[in-house]
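Below: a set of structures, written as structure tokens.
First chain A sits with chain B, and in the next complex the same chain sits with chain C.
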Partner chain A sequence: MDRIENKHYDVIVIGGGATGAGTARDCAMRGLKTILVERLDFTAGATGRNHGLLHSGARYAVTDQESASECIRENMILRRIASHCVEETSGLFITLPEDDLEYQKLFVEACGRAGIDAAIIDPKEARLLEPTVNPDLIGAVRVPDGAVDPFRLTTANITDARLHGADILTYHEVVGFVRTGDSIEGVHLRHARTGEQMTVYGSLVINAAGIWGYRIAELAGVRINMFPSKGSLIIFGHRVNNMVINRCRKPADADILVPGDTISLIGTTSTRIPFDEVDHMEVTPEEVDILMREGEKLAPILGQVRILRAYSGVRPLVASDDDPSGRSISRGIVCLDHEVRDGLKGFITITGGKLMTYRLMAEWATDLACRKLGVTVGCRTAELPLPGSDQPKDSEGRKRKAHIIELSTEQKAAEGRHGTMSRYIPSQNAQDDALVCECEQVSVGEVNYAIENLYVQNLINLRRRTRIGMGTCQGELCACRAAGLLDKANRCSERTLQDLRGFLNERWKGMYPIAWGETLAEIQFTSWLYNGVCGLDQVKESEGKPVINQ
Partner chain B sequence: MRYDTVIIGGGLSGLMSGIALARAGQQVAIISAGQSALHFSSGSFELYGGAEHPLEGIATLPAEHPYQKLGVERVAHYAEQTQELLREAGIQTTGSTARNHYRFTPIGMVKPAWLSLADYTPLESADALPWRRVLVANLEGYLDFFPSFVSAGLARLGVESSVATISLPQLEHLRKSTTEMRATNIARILEGDVLRALAEALNERVGDAEAILMPAVVGLKSDKAMFELREQVSVPICFLPTMPASVPGVRTQLTLSSYFQQLGGAYLIGDNVVRGNFEDGRLVSVRSNNHEDVEFRADNFIIATGSFFSHGLVAETNRIVEPIFGLDVEADEQRTQWYAKDLYARQPYMSYGLRSDDRFRPMIEGRPIENLYAVGSILAGQRAIEEGTGGGVATTTALYVADLILNR
Partner chain C sequence: MNKHNNISPNGFEQCIKCTICTVYCPMTAVNPDYPGPKQAGPDGERYRLKKPLFYDEALKYCLNCKRCEVACPSNVRIGDIIQAARIKYSKHSPKLRDVILANTDFMGTVATTMAPIVNATLRLKPVKHVMDAVLAIDHHRTFPSYASQRFETWYRKEAAAKQAEYPKQVSYFHGCYANYNNPQLGKDLVKVLNALGYGVQLLEKERCCGVAKISNGLVEAARRDAKRNLSAIRQAVAEGREVVATSSTCTFTIRDEYPHLLGLENDDVRSQISLATRFIYRLIEERKAKLVFRKDFRLRVAYHTACHIERMGWSIYSTSLLRMIPGIEWLPLESQCCGIAGTYGFKRENYNFSQAIGEKLFQRIKELNPDVVSTDCETCKWQIEMSTSVPVENPISILARALDEEATREANGVK
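And then the complex of A and B:
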């Protein structure tokens, strides 16, 4: 910590989502002395709570050409630089009997203008390509949609930022700014658990905190015209569909079904919420009903598939500066130079946008930072692959590894999660290969790799880095095993048990909105095991200091 | 097929009523889907965990609780009978109905218990342990036991401990397949020479420890290996429960079911009863998945299919049902009332179950079925985990219902 406090950074990036991580990477690659600070964990905000859709841009083609063009460009870039985070599933836009088939024509033309390869196909062919699709469909268009894992993507950006010399601080919340006259010169930070404060100095601060950027800007004394919009989603217990399925109509609630890893998810709803709710969101029964009703229209089988959990994220919607009512919302990227806009030097906000355009957002923010710092190095994040994707998926090296050397199931799973970085996962002996999480095939070696290299301090960090607890059992059996391993690193059993207690409660938060069927059976089993057999309910929540389970 | 009594569900409550009826000379069939809660149990049973003297505590339970329907005297009577029947079946337990003892949990907590299997060391008190220094031993690669949590729990109670990881070459082939290092698989190997090797390794590591605490991974089909290991090791071994599957729990299930069969009972495992045939308020027969063409007819029936996680109760999107017969269920109507948002708060769904009369006869549309009885965790009004009443309710209701059937 002394080391960080004694340094003077070129750039302090606030926010550990995809945008912040991408910005830290871009800054570090251009030779700027960079530090990223995050109040909780990476991907704890909207980055970890969305569809994981690799948008082709087609969804926006009719309503927002600019967003559509940005999406398809970034889509193609991510396939190259982040191949281990991307699944090239392709996608369908289907027209149902209740929809207007005329819209399809408009849609395909608009896709063409945005540079999106959209091909009308016979509904029969669509059913062959994606057997779960609603058989009543009357029209289908094929587009280059895919799936992207936001956890992996962010971790890879963080890893690369660090490889280029950036410092990273998680669980450090910005509680104030160092300000001299009209210039920002650093940030005051507070540790989420210990409450300890520290100050970090830098020439520029980039606010990349998503919806939480509103408060960050307020702390800096400037106002951004921002609105939190809640979006809820439902995860299904297995991978129902292999292609993304969208509705070919104006964007509406619950009209995208995305396959990702072992699961599928349907979303989203869209509701404006007040700022004081952004840290306490709950999925309502009404939202669950809408998601299920609309989801079954895309793939009727969803009505019979086990639901794993429900969750919601917050989009940071930004209205233009001359519209305080917030009616003219764009989903485009907003990069604010507060020196020009508000006369506040050393402060930049990068917001709006979406997961798909995180890299472009980072590029815009870093370009602006470089101009201010007089640095002329260009952006290379669109060309240089992320760690884990340094060899393309179809390259000889990766093929050989996968096919000639016989990989175990969990080694294949780890390769899927970490790409070529999986070579650093210990697999020397049977001990390393023992399975912690059977649903997601996570080994002891992978857990230890994550603990040592990927900023893991608690079980939720571990879940985001390895998918532990994300599978069918929702942590029922693996949470305790993972806690056992984490305890070796933590050396504080009291804290680890509090962490375990909090982790199971966090899993429950995503389960109670859908607490029927197997979900209720599983949670009763979890309570039986952890409270009945183990006595976890006797573990006291720590006094005074909050248990961090975010 | 015709029986005196057909029991649906082969967990603790189904088996106990089956044994009581069969030893009284009845022709009994148990139809069981397979695993039961015993497979995930701690290996200790609870009568009532909320008070040092369980029978005194029971009086404070709400009126709709199965114990209140029984009354304290019957609870005491059938609790005593439980321990006798277990002994008769070949299951040694320690503990008394008059006063709880305590057990150490896999994460180092202390919990009250009524009866504990011989594997465990019953503790006199929740805040004093009988040792000053112990060895916590685990097998290399076994992840369902947590030595560091156990050590921390011991330290809280003033007991020093050291941790030993035992590596047995004979377990190597289990470790090669990453999913195999589970309690029941290990127990299958820990016999004979392998057991002797484990004993030697423990003796080498024990040092000045007064006892060894280790996971309950010994003795799957009988408790023979467990006692053998104890004989071969120089200090007492206190086994601790593990994450599932529970070796002592599976052993209990196997022992009870084989005793039931010795008594002449028919134990039909891997089968599900799917529907019943009712006539004039009586259940005449049931049909199962595996015997689609055969009717199971009986004078009396017992439903012992358990709570949600045994699928005795099923939550549909907007209602809670008993899936075989559609029996009346006590539950809140609105889905949002079923749960509390804090996992550790009182969960309403836990107390849901079958509505029944004072003879534990479940109902359809408010009318009790003349010859159908419900026992164990499917009964409404209990909060088994919170109260610490799971095992006691299972066995006392089972034995009471068996008496009702025999004395009709």
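And then the complex of A and C:
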């Protein structure tokens, strides 16, 4: 820690979501001395709580041409630079009998203007391409949608930032700014668990904290007109559809079904919420009803599929400065130079936007930072692949296929998660290859790799890096095994027990809104195991030290 | 929300990951390369649905014993998930050896015509070693000997004409084993059922039930056989005859594997397909018929519960029927897999697993040293006879031996 406190950085990036991670990467790649600070864990905010949809931009084509064009450009870039985070599934926009088929024409024209390859196909062909699609559809358009794993994407950006010399601090919350006159010169940080404070100095602070950036700006003494918008989603137990399915109509609730890794996701709802709820969001029964009702219209089989959990994320909607009421809110990128806007030197906010445009947001923020610092190095994040994606998926062709067949299931799964970085996952012996998480095929080797390399301090960090606990049993079998491995690394059984308790409660939180059928049986069984057999209910929350389960 | 009911193929999403199936899996206990039923079944299914490349060739180790399904508290058809995945994804095409082992009725037809020569040849050590080297059929195994006269031939010559004399009628699915290898079993069934007042008819052009073809990857051939069997069964049922079989595996295959693995619905006739011991036990239980046994019959019998009868939950019929025989000394065995799993144990690569799985059973049988082991499955019979030297008989054959035929006919009003 001394090392960090004694340094003077060019840039301090606040926020460990995709935008912050991407900004830290871009800054570090341009030779800036960079540190990223995050109050909890990477992807703990909106980045880890969305659809994981690799938007083609088609959804915005009719209503927001600018966002649509940004999306399709970034879509094509991510396929190249983040191939191990992306699944090129392709997508459908379907028209149902209750929708206006006229909208399809408007939609396809708008896609064309935005540069999105949108082709009208026969509804029969759509049913062949995606057998789960509602058979009553009367129209279908095929677009280059896909799936993107936000956890992997962020981890890869962090890894690359570090490879380029950036420092990374998780669980350090910004509690104040070092301010001299009208200039920001550093940040005061507090450790989330120990409460210890420290100060980091830098020439520039980039606020990339999503909706939490509102408070960060307040701390710095400036105001951004932001509106938290809550979106809820439901995760299904297995991969129901292999293509993204959207409704071809004006964007509305629960009209996107995305296949992602081993599961499918339906979402989202959209509700404005007050700021004091952004850290305590709950999925309501009404939201579950909407998601299921509308979801079944996209793919009727959803009514018969096991549901794993429900969750909600919060979009950072930003009103333009000349519209404080927030009536005409765009999903576009907002990059604020507070020196120009508010007379506050050394402070930049990058917000708005979407997961899809995180790289472009990072580019804008870094461009601005470079101008301020007098650095002329250009952005290369659109060209250089992320760690894990350094071999394009199909380059090795047949040779790679043969190699895939010889791999065990967990090795194939790990390769899917870490791309070429999976070569660093130990697989020397039966112990390394033993499974920690059976549903998601995570080996002891992969867990140890994550603990050593990917900033893992607790089980939730581990889940975001590897998918442990994300499968059917939601931590029932893997939580205790993973806790055992973490305990070896942490060497503190008290903390491990608290962590285990927190992790299982966090899993329960997501199951609670949809706790019926097998999900209810599963959680009951989990409760027998951990409370009845292991006595975890005897472990009380330790006093004074908050359990960090975020 | 009540309208949302989770329905998944073979119930794979009903799995709550309790892992009891893996505890009961005989293969998992002896083969560390087998991922176990939970991993190979419901867990693997999620990954295969994501991408077929996640299919793991280690699924070939599954015995299809279905003991995982018996153990499952959530009614997941784990064995079916694994077999269906093998059918759908396996890239290994059946070898010549597999085709030979699977085509039990073709091989039987050829072999029975030259039975003495075939039997003698198959017992020769050099021949066994050649089959091991060329076909990878393990040299420890001896093929069950072929009969020189098929059951069907005997039936047509000796029994068919008399069957119409009986007031009630059933159809008999004899299966390949009774037809080619052990016609005596078929004759025993005819004797017992006749004594109970039932005439025995054969099905119109019975084919192999298909179990060996399914497990050896010859699914299309299995489906063709299954369709012909089902149409013959439908015909029998339409004419008012229940269908009984003496093989637990044939019975299980026709009742459950046809709809689950071959996609052939049999709801209309499924309840009319039964195991002979169940059919007879129910007659006795419902006082529709009586059994009278010989006073001088004495036999120490150990009953082995074959996997597929365990899956159907029907061993109780066989054991209860045998225990009605007064001269029987009853030696129960724990229900466990013997390891042969049909053609599985004949393959060289599986021999050691097969024997390791059955080891505890063989030990127990040797300790008990019964006069005979009884089981409803013919392949268990081969395995136990080879591994313990104790003779093995179908319950129907023991029943036939213990039966006082005259007295039983009289008790049931049969002339």
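Convention: the second predicted complex is superposed on the first by the 543 of 550 C-alpha atoms of A that agree within 3 Å, B and C clash if a C-alpha of one lies under 4 Å from a C-alpha of the other, contacts with A are read in each partner's own complex, and residues count from 1 in each chain.
Keep in mind that, in the parts below, a contact is a pair of C-beta atoms (placed from the backbone, for glycine too) under 8 Å apart; a residue touches a chain by one contact, two chains touch by 3 or more.
None of the values given here were measured: they were computed from a predicted structure.
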item: First (chain B), second (chain C), both or neither touched by A:G471; value: second
item: Chain A residues touched - chain C or chain B, whichever exceeds; value: B
item: Contacts of A:P97 with chain B and chain C, given as first, second, both or neither; value: neither
item: First, second, both or neither for A:G517, with chain B first and chain C second; value: both
item: First, second, both or neither for A:E438, with chain B first and chain C second; value: both
item: First, second, both or neither for A:G31, with chain B first and chain C second; value: neither
item: Partner chain in contact with A:K509 - chain B first, chain C second, else both or neither; value: first
item: Contacts of A:K412 with chain B and chain C, given as first, second, both or neither; value: second
item: Partner chain in contact with A:H238 - chain B first, chain C second, else both or neither; value: second
item: Touching partner for A:F525 - first (chain B), second (chain C), both, neither; value: both
item: Footprint overlap on chain A, where chain B in one structure and chain C in the other make contact; value: 408, 430, 435, 438, 477, 516-517, 521-522, 525
item: Interfacial residue positions of chain A with respect to chain C in the complex; value: 237-239, 261-262, 288-289, 292, 303-306, 404-405, 408-409, 412-413, 430, 435, 438-439, 441, 471-473, 476-477, 516-518, 521-522, 525
item: Residue ranges of chain A touching chain B (in the complex, touch as defined); value: 282, 285, 408, 410, 430-431, 433-436, 438, 443-444, 477, 480-481, 483-485, 487-488, 493-494, 496-497, 501, 504-505, 508-509, 512, 515-517, 520-529, 531-539
item: Residues on chain B engaged by chain A in the complex (per definition of touch); value: 37, 40-42, 105-111, 140-141, 143-144, 146, 148-149, 151-152, 172, 175-176, 178-179, 181, 241, 243-244, 246, 307-309, 311, 314-318, 335-336, 338-339, 341-344, 347, 349-350, 384-385, 390
item: Chain A-touching residues of chain C, taken from the complex the two chains share; value: 1, 3-8, 12-19, 32, 35, 38-39, 42-47, 49-50, 53-54, 56, 74
